[in-house]
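What follows is a pair of complexes built around subunit A, which joins subunit B in one and subunit C in the other.
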Partner chain A sequence: MLKAAWKRPQFRIGLIIIVSLLVLAIILPLISSTSATTLSIRERFAPPIFMDGGNLKHLFGTDQLGRDLLLRSLIGLQNAVFIGLVSVIGMFFLGAIIGMYAGYKGGWIDTILMRITDAQMSIPVIILAITILGVSRPTAFSVIVVLILAGWPTYARVIRSVTLTESKKEFVRAAKIIGASDQRIILSHIAPNILPPVAFIAVLDVARMMIFEAIFGFIGIGIQPPIPTFGNILADGTKYLINAWWITVIPGLFLFTALISLNLIGSTLESARNEALEGREQ
Partner chain B sequence: MTFVLSFLLRRLSQGLVIVLLVGFVIFSLLRIVPGDPVRIIVGPMATEKQVEEIANELGLNDPLPIQFGRYLSEITEGDFGNSFIKAKGGNAASGGKENAGVERAAVLDLIKNAIPLSAILAGLGTAFALMFSIPLGIAAGLRPNGLISKLTFALSSIFVSLPNIWLAILLILIVSTQLGWLPAIGYKGLSYAILPAIVLAVELSAVIVRALASSVTTTMQENFVQAGVVRGLTLQHMISRHVIRNASIPILNLFGAQLGGLLLGSLFIVEYIFNYPGLGLLTVNAVFQRDFPVIQGVAILTTAALVIINIMVDLISAGIDRRLQY
Partner chain C sequence: MTKNQTIDDAIDKPILTVNKLNVVARSSDKDTAILTDISFNLSKGEILSVIGESGSGLTVLSKSLMNWLPSPLVASKGSVLYRGDNVLNLSTNELRKFRGKIFAYIGSDSTTALNPTVPIGRHLVSKLRAVMPEYSETQAQKRIIDLFDAVRIPSPIERFNEFPFQFSGGMMQRVMIVDALCTDPELLVADNITQPLDVTIAKQIVRLLYDLRDEFGTSVVFSTASLPMAADISERLLVLQNGRVLEEATPKQIVDNPGTNYTKALSERVPRIWSAKHTPMKSLTQKTILSVKNVSKTYFTTDPKAYFSKQAVKAVRGVSFDVLEGENFGIVGESGCGKSTLSRLLSWVEKPDDGEILFENKSINTMNSSELKNLRNQFQLILQDPYTSLPGHKTVGEIIIEPLKIHRSCPPQAYSDRLFEVMTEVGLPKGTEVSLPSQLSASMRQRVNIARAMVTKPNLLILDETMSSLDQVEQARLLDLFDELQRRHNFTYIFISHDLALVRRACSRVLVMYLGRVVEMAANEDLFFNPVHPYSQALLSAMPTLEKNRFDASKVLLEGEPPSPVNIPLGCSFRSRCPNALEICATESPPNSPIRSGQVECHLIAQDKNF
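Then we have the complex of A and B:
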């Protein structure tokens, strides 16, 4: 699947963009003389480089407190990718445990677990987020917990159906006959098969979770300022939209670039997998 | 008819369990987390004794299950409690000694007033999304390797990657403040719903157009399409009468499972950004003010709405495709 995807230019373009953005996001804040939270009132509202009055020191311009928007966007990207990755990994593991257990055991355990999954799926993410995050002081950890709670049911469902088909296969029966324990069968025979069908969902979900992180930050229930996140950068900028539009527009464009590269990777993986499946059927 | 009845009975009872479960979880969450609502009602100047009195009066000191039971029995009478914050007239009744006698607004009234506005926005957003996705999705699905298909997929990739908050700000900046074509903040007429509806539509279209295209492609490969053509029906007739009908079922299911939540979620955000006085703005403000009765009322009603939408979607798909009746 990876090989097939690698052959497509979209996959490589997406990968190159996201990797270079990430490298930039990690290295530039380390070698830069200022930080993303350094205030510099004299330099506030500096426009980006391509406008009159822009200068090389602040490529993306500065915000209402004179903080460098490039550095803020880069740190914002670090936070967004961190939260996106960790939450997707978390929901994958939670979904995998529940899905494999339900699919392998079957019977009433399966019914109960799947009903819980249904119930969880009918709570809108945003309701869950504002009830949990809105009433406590949100941190990166609690944002991740909320995203995992909201996201695991999709994984549980897909993984359960994979487990159902896998556990009926010959090699699982063979393993049972020679006395392998349930745990051993699940871990060493079924687990390796669950990754391919959820891999592309996971990549697309990292991008989705990054958007959620931005939304939470925007309505004030994400990671709290002064730590820069795309949500609070955009929220700050809306107050100065008429005079300093770049505070919202440019970091947003930066986030959009990162998201579209992730979505390119994810959807190329998806179509590569679909083609592989069709090829197998013929 | 018996199918419809037994189906409704089964699904409604399942749905009721889900709503109760969700209601209890949210109800408990709101009470476990820190933040004393009584403090917010009486204001910072009240004595400890007054706080205790009000807490007792509102029943906030009873054990959780008892509180939840009382809440449920009130709901069955159509009473979702009163807002902690909002006064009946619509002004905020936040802590001050003179408002001891102010009557607080009923949650159900607040929600009732907000729902029509949210419904207009959601309806308009869905209509825009369908107007855009149906022609493009069908055209792309009929020629899966054609130019329109490639264009459609590229467009849908762009749409998924657009953070709705950013898109909303861009639209406000360009269409509203720079060009002055449409109003953006608040609600004084239908024109105020257009920009937020466009943001909703972009998010919905990204999902719908892809699903529709692949659904049309799959349906076109089925035997009955060939059979119809062989029997002398024109391809045009097959597409307009049969393919679209069959291809619409996955889209309908999508509306139940995924788009309901998506629509609701972005509705909340979009209303907040555009200061559009619907259900979302009501809820986001309630969160900032720790107005628990409003939050749990909205949470329970929206979950119930999602459950009912899902049931309706399944009924309609069973109506389109009789094979789905079981």
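Then we have the complex of A and C:
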């Protein structure tokens, strides 16, 4: 399937962009002479290099406190990708465990777990975020917890429904007859059949979670300054939108490029999988 | 359609002439031949059977008679002449005059043929009115209801308004016959219509087609894979192999004097029930290995007619029997008789509501989980469908050694030795252990199933319809394998099957089930030569066989279908279909009378002092 996806130019473009952005985001802050949080009042509002007054030291200009926007955006990207990935992995596993257990066991276990899922689903993400992040000092960890709490019910529901059909199949009955335990049946017979497709779709969710992270930062309940995130850089920039639009636009472009490339990867993976299912592969 | 006036004077001429018909699967670079030089004639009111194995081109032939070939199939040469018109040359518009009105087609999968959201009657009325606009709505309804009656669908007026999912497979096949016949076609193409049905129902359908032919004078092309079925219904047989006609003959010629080796093999492969000698394994020790005592199982489903009530489906009702060590024990019955539920209870995937099951004199009911796990070691079930019963993502080797891992029967270093030992025993060639189940044929997969079941060296194997998805040749091979394994390891087998021929060959004692009850239990010879219960007689009379059936279907064959297990009639549950029901049968359940080698539940026997 990866091979089939690799054949498509969209997949390659997406992969090349996101990988080069990540490499840049990891390496550049390490080798740079300044850091994302170094203030330099004399250099504040320096425009990007392609405009009048731009200089080589700050390729993409500086913000209202003279901090380098390229470095700030890259650190913001690090945070966003980290939070996006970890939270999606977390909600995927939590949802998978609860969904498979509920779907396989059925009966009142299923009812209780699914009602908890419904209850969780009825709380809007923002309300949940304000409640949790508002009462304590938000950290990367607490942002991840909020996102996992908001995201797992969807995974649990989807995985439960595919588990239901899967656990009615003959080979599951055969496994019961040879004496396999519930845990063994779930992990070694059901999971390998149902989780891969869900995992492919989860790639798209990484991008969605990055957006949520940016929203939290923007309304001030994300990771707190001075650590740069896309959200808080954008929020700072809105005040200077007319005179120094690049403070908002540059990190915006970075976020935009990263999201586009992730979505390209996710959607090509999904369509490659659909083709494989329809038997059109090879 | 100018030929319509000449129908009467053309009565002796064939209505359908197929002339050197060739059908190919066309791809851009080459044509692959599917049918080659097929020629035959069909006269009015004749039933012609086309027989062949799966893959021999039966369905393609049936469809090409109506110029209904799906792409990429193309009729490359030859003609299909219907009263002089070459059907293959007609445009879709011209064909519309033929299809429905003159040709009718019935396929094998009737259960998915109709839209599940539309009542049965509406489907048929709209078809009838589309083909014959001269019918008014009420006339059309009346005609459909009359035809429901003609194909013996009980209470036709109520069933007219029911939905497709409320019909069983056999009833649905009757609906499809009505669908085909309502427009008075001259030619009916029945493509493998009896394949998914139980023997008793299939026999009813065949007799029905026969009667309808006599009544309406319809010509029938009946394609089937079963030689006895074809011999039963038609005067003329066409044997098809790899898309070629091998032979055209009467049924008698094919049985007595086959023209080709293939036909000879085909006829020899049909099991002989009464004329051949069968010596299945009998128990040597007479020790009871499995004892089933009065088990019952009821499922609760929501009642479709009421909002909050549930209805009870009584799947198994008080079944008792003993299985002796080293014997082959058979359980037979039509679908819906409770066989599968019983197999689930025996394998303890589900627990009975009532009664108990003892394995080697220990009750399974009271076992704790570790004892139960230990029991799974000694007692295995082989499932029906070789396609779905193996996990598709594991290699054959992983599948076979999984029970060893679960039961820790031997140290991990010995896994591969045991794997190869078992693989050689069941006849899986070396190298298959790394392939996935999807790369193997059906019989190979079934061997993997068997290997998985016997890897922990069990004593008792339950075969739940294990053979039913395999063809006759493979069945025979697997039966030989089972015999050999039995001799080597002293296995006890329980065969659960609807296939009486298989049971006749393999089992020493047979139990006949009807609606969740044991109606008769007898030794093999007793049951097949001298059955006592009317239901056993009916089952035997419906068997497709080339010998003269010892039981005349017209006297003992059942009408209708088993009643629903939701509304089991009071008294004897078989009463509603029994040809010789007494008055007492309606009120009292028949007692269990021990006779000969077994037992029977029937008032007729209980009252007859001769037994």
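One rule holds in what follows: the second predicted complex is superposed on the first by the 277 of 282 C-alpha atoms of A that agree within 3 Å, B and C clash if a C-alpha of one lies under 4 Å from a C-alpha of the other, contacts with A are read in each partner's own complex, and residues count from 1 in each chain.
Here, a residue touches a chain if its C-beta (ideal position, glycine included) is under 8 Å from a C-beta of that chain, and two chains touch if they have at least 3 such contacts.
For clarity, every value in this text was computed on a predicted model and none was experimentally measured.
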Partners on subunit A (subunit B, subunit C) - clash or fit: fit
Subunit B versus subunit C as contact partner of A:I178, first or second or both or neither: second
Which superposed partner A:V81 touches (first subunit B, second subunit C, both, neither): neither
Which of subunit B and subunit C A:E170 touches, first, second, both or neither: second
Touched partner set for A:I247, first subunit B, second subunit C, both or neither: neither
Apex subunit A: angle to the C-alpha centres of subunit B and subunit C, given in degrees as a multiple of 10: 90
Touching partner for A:D118 - first (subunit B), second (subunit C), both, neither: first
Subunit B versus subunit C as contact partner of A:P192, first or second or both or neither: second
Subunit A residues touched - subunit C or subunit B, whichever exceeds: B
Least C-alpha distance (whole Å) that remains between subunit C and subunit B when both complexes are overlaid: 7
Touch list for subunit B against partner subunit A, complex: 14, 17-18, 21-22, 25-26, 29-30, 33-35, 153, 157-158, 160-166, 169-170, 172-173, 177, 257, 261, 264-265, 268-269, 272-273, 283-284, 287-288, 290, 295, 298-299, 302-303, 306-307, 310
Touching residues on subunit C, where the partner in the complex is subunit A: 347, 349, 372-373, 376-377, 380-381, 383-385, 388-393, 402-403, 406-407, 449, 452-453, 456
In the complex with subunit C, residue positions of subunit A that touch it: 169-171, 173-181, 184, 189, 192-193
For the subunit A and subunit B complex, residues of the former touching the latter: 115, 118-119, 121-127, 130-132, 134-136, 204, 207, 211, 214-215, 218-221, 230-231, 234, 237-238, 241-242, 245, 248-249, 252, 255-256, 259-260, 262-264, 267
